[in-house]
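Supplied in structure tokens, the structure appears directly below.
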Amino acid sequence: MNNKAQSLILSTAIHYLVPLLLLFSVFLLMRGHNEPGGGFTGGLVAAVAFELYAISEGTPKVRQLLRIKPLELIAIGLAIAVGSGMIGLFVGDPFMTSLWSGELPLLGKIGTPVIFDVGVYLVVIGVVLTVMLALAEE
Amino acid sequence: MRKWLIALLPLALTFYFASFIPAIAGGETSTATIEWIPSLDIQLSFYIDGLSLLMALIISGIGTLIIIYGGEYLAKDERLPHFYILTLLFMSAMLGVVLARNLIALFIFWELTSITSFLLIGFKHEYEKARKAALQALLVTGSGGLALLAGLVLLGLVGGSFDIPTLFQEAKSIQKDSLYLPILVLVLAGAFTKSAQMPFHFWLPGAMEAPTPVSAYLHSATMVKAGVYLLARFTPILGGTPEWHTLVIGFGSATMLLAAYIALQQTDLKRILAFSTVSALGTLVFLLGVGTPLAIKGAVIFLVSHSLYKGGLFLVAGSIDHETGTRDVNLLGNLRQSMPFTFVGAILATGSMAGIPPLVGFIAKEVVYEATLEESAALLLTGVAVLTNMLTVAAAVLLVIRPFINKAGELPKSPHETPLSMWLGPILLGILGLAAGVFAPAFGANFVEAAINGITQKPKTLHLALWHGWNTMLMLSMITVAGGVIIYIVLENLLPLMHRLRFNDVLSPATAYQKMLDGLLKVADAQTRLLQHGYLRRYVLVIVISTASLVGYTLVTLTDLASIQFEASTSVRVYEGLLFFLIMVAIGVGIRAKSRIAAVATLGVVGNGVALIFLFYGAPDLAMTQFAVETLTVLLFVLAVYRLPLIKEYSGKRVRIRDGLVAASFGIIMTALILMVISSALPSNLTNFFAEYSLPKGKGRNIVNVILVDFRGFDTLAEITVLAVAALGVYALLKWPTNDEKHANPTATQELDQL
Amino acid sequence: MTDFLLVAPIITPLITAILCFFAGERIWLQRSISLIGQALILLSGVLILIQVERDGIQVTQLGNWPAPFGITLVADLFSAIMVTLAGLMGLSVIIFSMAHIDSQRERFGYYPLINVLLMGVCGAFLTGDMFNLYVWFEVLLISSFVLLALGGEQRQLSGALKYVTLNIIASMLFLTAAGILYGLAGTLNMADLSQRLPDIEPSGLTTVVAMLFLVAFGIKAGLFPLFFWLPDSYHIPPVPITTIFSALLTKVGVYALVRSFTLLFVQENEYTHTLLLIIAALTMITGVLGAVAQMEFRRLLSFHIISQIGYLLMGLAIYTPLALAGTVFFMIHVILTKSALFLVSGIVYKLHGTYDLKKLGGFYRSHVWLSILFLLAAFSLAGLPPLSGFWAKFLLVQAGLEDKEYGIVAVALFVSVLTLFSMTKIWSEVFWKPATITTTQPLTRSEWVASLVPLVSVVVLITAIGLGAEPMFRLSQDAADQLFDRSAYITAVLGDNP
Amino acid sequence: MEVLLAILIGSLYAAGLYMVMRRSLVKMIIGLAFLSYAVNLTIFTVGQITRGKPPLIPEGQALPTEPFADPLPQALVLTAIVIGFGLQAFAIVLIKRTYQSVGSDDIDQLEKAASHD
């Protein structure tokens, strides 16, 4: 798996595919609250993108691209998720009570559940990449 | 020096208790209560009447002497402080037993005596014998203790209180209750194990592994008397019934006679004393079983006399052992010259034991005979008593003549008289025995009367005298002594016969105990090997069988399988039927798969088939997730497992059929259950709420997602935590530096390389 | 305040776990963070306990969604007691770990894992939602999987594999049961379920589902005949891990059994409780026989976990207020006592490098105080007075006799003789017997402190509970009364007009 | 369709358990996967399936169009799938390491490996 993929075509295809997939994953995440999608599916798609990149370019490249360790990604995601839940707690509501902003340009309404979903998204990416990269490097 | 200081503590206690004598002898009782667990009716309450006072005096008085004696005896032992602490602890526990007014408090102190005696018996714990003896004593008395606990709780339930004096009032209703017999048996089990009644007596001779001061204290004067005390205490509650008479007299008389017989065959001083103690305990139990005022009088006097002389004799035995280095009566001799004070102590003690006037033992024996003579089965009971006493007299004679008068053999050490601290005890106890006999009226008025009244709970005055004139009892006494002497004289000739009778083997519960213990270990071993065999698949099998039978049995017995409705709400469409068929085929292939390709393909087909089902039934989010996870799983499988060897079937055909049947029946049960559930389900309580609030308050149009991040976001938080930990686990497993691969089967490694 | 207090035991360990992760190689920082985290759990447990004792059952509706639509956290006395114990055990084990966990494990996420384990445990104790309970079970399971497998030795892996497989099967049964329960009753909130389950026709169907739960929780709790995974795996990881497993994991299973069979599955009491009674008896006996057969310190203790679970179940099976109080009391007792024993085994191992009873010896001479601590704990486990175990057993025995369940009482008493036997076996071999090996590896001063602080505190507690049983008994009685009073629970969760 | 699904679920349980009881590690993994499908389908099926619309609220409406599928079982199954994936990933890697360490895919060898210790 560390070997670069033999096929140049595949490599090139993946080269273009990866950013597209990553974009798509963010799209899935953002629209998940209203249409099928969300943090899980989005995260999985993003992870698949990195995985493809790993297949074509080898795992070191992926780690380089990511800049931070997948395990750290998980921790950050968890922190975001639990933090979004605690916001409610500090304004005197029960844990995970949602708070919403007004309508924002481009992004629509931003609320703590959306932030929570971002946390989920990051955790999923981190988890899949941790597992897959570690296995691939075996 | 220290021993004298420490002895001040029990001495002070003795004086403290002695200060109660006038009041108690005047018929009063005294109570002190500390609330402990009021919600359970358990108080730490203490109660002094004649019986408990007498016991308390024996415990603290003899305890004082034991501390002094032990301090000298164990002077060279570095664990002497342990001896002091444990003995004092034991003493407190024992005082607690006799003073407790609350059944549960009594039980707690009772168990504490078992624990402390366990530690004391095992004092010389570097010897395996001591450890075994300690364990044996603990197990026997501990088991009895648990029976006692059940008995006491039942007694409390039936009698409506844990307070002993209150229970005295309830005696009639308790004895009429259907639970009376179980209560009696359980309480007796506790008392008999503690007081070493046959067949539970064997732990007591074993316990002679303890240092002699401990034996003197625990195994003659105090702990073993706890069972006797219990019987005495409960006489007004449980006594007087035919069941009581039968059981208590039966065990008591058998014990007193047989133990006296066995005692004579021993050659170890302490073992002789131990068996003779068992016999004395039997006598006490026997008397309490008879339960007439005379018998109880006999019991009280004998209790005092036995505590005094047996305590003294154990101390004498300890001194002899200490000075000569042996306890073998065949070896010992001639000690009257080298150990004169000890000899005097021995004479006084054995005299009382043999019932020679004017020692208190004489009075005891007279009263015992008087009591047996007035029974309906007088001939039998008196006969047993006389025979027992003859054997006891013979033992007493032996205890004086062999070590002190006979010629000595080769002794390991040359004996000298012990220091004051060691001969003080025997002499003092002997003098007390003498005083109790000589001043019988005062002894009777101050101690015995109140104690008897404490047992019977029917106050009466008592006149005790040493001399009753020429009567039947005196005749019997004389016959007893004469018989005992004769037995001693012919003992040498009798012994071979006694051994040949092999009576002891038949009557040897010690062997039974050992066999039970071995059997227990064997059963435990076998059971554990049977259940805990270590084979994963058989564990799974047992779990599946258990689940299937629990669920299946309940399904069949508690529900009506006929109520399953097969015409379901949704009909089958062609593509659905096809999908169903496809998945079923894939499952079939999976079961028989021999190659990894087939395995991966199976997983893929089934997983994606399931995703399609989700899609057909309005769950696009689920379908997407399932597709993605499926892809990842296959990838994982390829990455991790693909290098495993070909799939082999290791099990034989019969095993496969067995497993197949079990698994199939589980599957059938699940199918039935699901159909059943579908036909009797209640409508969901939640769906409409979610539909209604998803947009206005959850701000989302994908209800599933709103549930995941908002309505039930907490689930999701936990779920991503699971994912995170799983990832950490995978990471740790794979990155853990290990040199295990080197140890692995080399052929397997080669196999790996080839792949 | 309640909103804050009830989530605190769940999110505090999650936050500390994340912080530990970021602390990375700075092990001292990880330790301190974990210590603070566990102390906070303990503190919030105590505060919840006080508040519940004062004001009755406490509830927080997460996300501010009214029950039964969102997830509700509920603290009654039983939950509060369990959370407090969890915090106490977490704290003790973290302290103990400082002397008894190798640095390799510390670097590979030991502290985050313990924290997450506690998170799952507290979540399970506090949740009032069936599916949420499942999720917390998974949290504590996956962290226990990793804790068990960390180290990667051969025997560790094979023990872990059994543990993982059997527990995954248990989880699947649990999930199946929870799903079916939703299908049947249309709700997941336990209070709501308690209300709706009696409406289901035929009523036996609920009991069928109850059987699935019985097996699922039974595997986790280590009931007969589902306990195999336990003795095959608990003796494998280092002692602090075994200790926390023994103190909390099986107890979560028992907690779930108690909760579900007092709140939900009360339709066929006769049937289910007879069954529970039989299982309780068999669990006690098989467990203790397993212990009797062992010659390995920790394996012996592991088997005792099982037989003690039988006692816990006994109270539930008898099902009177006193009996349930017995179960609660026994729970407090056994968590403390068992931990003390495992901690002793850890210290002994650290000193002599083996768990083999045959090879050990001489500790009474060399370490008198340690011996006394062991003896107190051992006698407490065997139910000897005046230690906590005596009262625990006493309550169960009295409850059983009151309810005329003589059979189970006889078994319970018999098993306690065998418990005593196996405890004295350890005593005799490890402490009394003369030492056979001399290679004692002395502990440093700070290692002694880290070893003894938790051990002494736990033993002091055992003794204190024994000597002053009244407050603990009253607490257990109140907790049991709450368990019996379903309507109070339902009202607390759903409000007055559900 | 419910009947077919019930049969399918039963078969998945049976097949899964049968395979978990095999001695081959690979079969065990497949067995666990089968079981996980069985469980997810169970939740889905008993949660009153409808061949309805997904539980989405169309733009401009306040409620989803009837009949719509019950969203809660879907959320539960989704959670279960993801948790199942986590467990499975760990289990697979554990099996891999066990295999490497024991050197055989015969689960019975594990016991021997453990008892050698």
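In this document, chain identifiers A, B, C and D correspond to the written order of the chains, with residue numbering beginning at 1 in each.
Definition applied: a contact is a pair of C-beta atoms (placed from the backbone, for glycine too) under 8 Å apart; a residue touches a chain by one contact, two chains touch by 3 or more.
Note that the structure is a prediction, hence the values are computed from the model and not measured.
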Report task. Pick out whichever of the two, A-C or A-B, is joined by more C-beta pairs in contact. Result -> A-B
Query raised in the report: What whole-Å value do you get for the distance between chain A and chain B if each is reduced to the mean of its CA atoms?
Result: 62
Query raised in the report: What is the distance in Å between the mean C-alpha positions of chain A and chain C?
Result: 37
Report summary line: Chain-centre distance (mean CA atoms) for chain B and chain C, in whole Å, is 26
Report summary line: Residue numbers in chain A touching two or more further chains are 34-36, 40, 71, 75, 78, 82, 85, 95-96, 98, 124, 127, 131, 135
Report summary line: Touching two or more other chains in chain D are residues 20, 38, 42, 45-48, 54, 56, 72, 78-79, 82-83, 86-87, 89-90, 93-95, 97, 101-102, 107, 110-111, 114
Report summary line: By the touch definition above, chain C meets two or more other chains at residues 14, 62-63, 131, 135, 138, 142, 145-146, 149, 152-154, 161-162, 165, 169, 176, 180, 182-184, 188, 232
Query raised in the report: Drawing the touching chains as a network, do you get a line, a ring, a star, a complete graph or other?
Result: complete
**Report entry** chain B contact footprint on chain C (complex, rising order)
**Finding:** 14, 62-63, 65, 68-71, 104, 108-109, 112-113, 116, 119-120, 123, 131-132, 135-136, 138-139, 142-143, 145-146, 149-154, 161-162, 165-166, 169, 173, 176, 180, 182-188, 192, 196, 199-205, 207-212, 214-215, 219, 225-226, 228-229, 231-232, 268, 271, 275, 286, 289-290, 292-294, 303, 364, 379, 384-386, 390-391, 394-395, 397-398, 401-402, 409-410, 413-414, 416-418, 420-421, 424, 428, 432-434, 469-470, 473-474, 477
Report summary line: Seen from chain D, its contact residues with chain A in the complex are 54, 56, 78, 82, 86, 89, 93
Query raised in the report: In the complex formed with chain B, which residues of chain D make contact?
Result: 1-15, 17-27, 29-30, 33-34, 37-38, 40-42, 44-59, 62-64, 68-72, 74-75, 77-79, 81-90, 92-97, 99-108, 110-111, 114-115
Query - Footprint of chain D on chain A - complex, ascending - result: 34-36, 40, 124, 127, 131, 135
Report summary line: Given the complex, residues on chain B that touch chain A span 620-621, 624-625, 628-629, 631-632, 635-636, 639-640, 697-702, 705-706, 708-710, 713-714, 716-717, 720-721, 723-724, 726-728, 730-731, 734-735
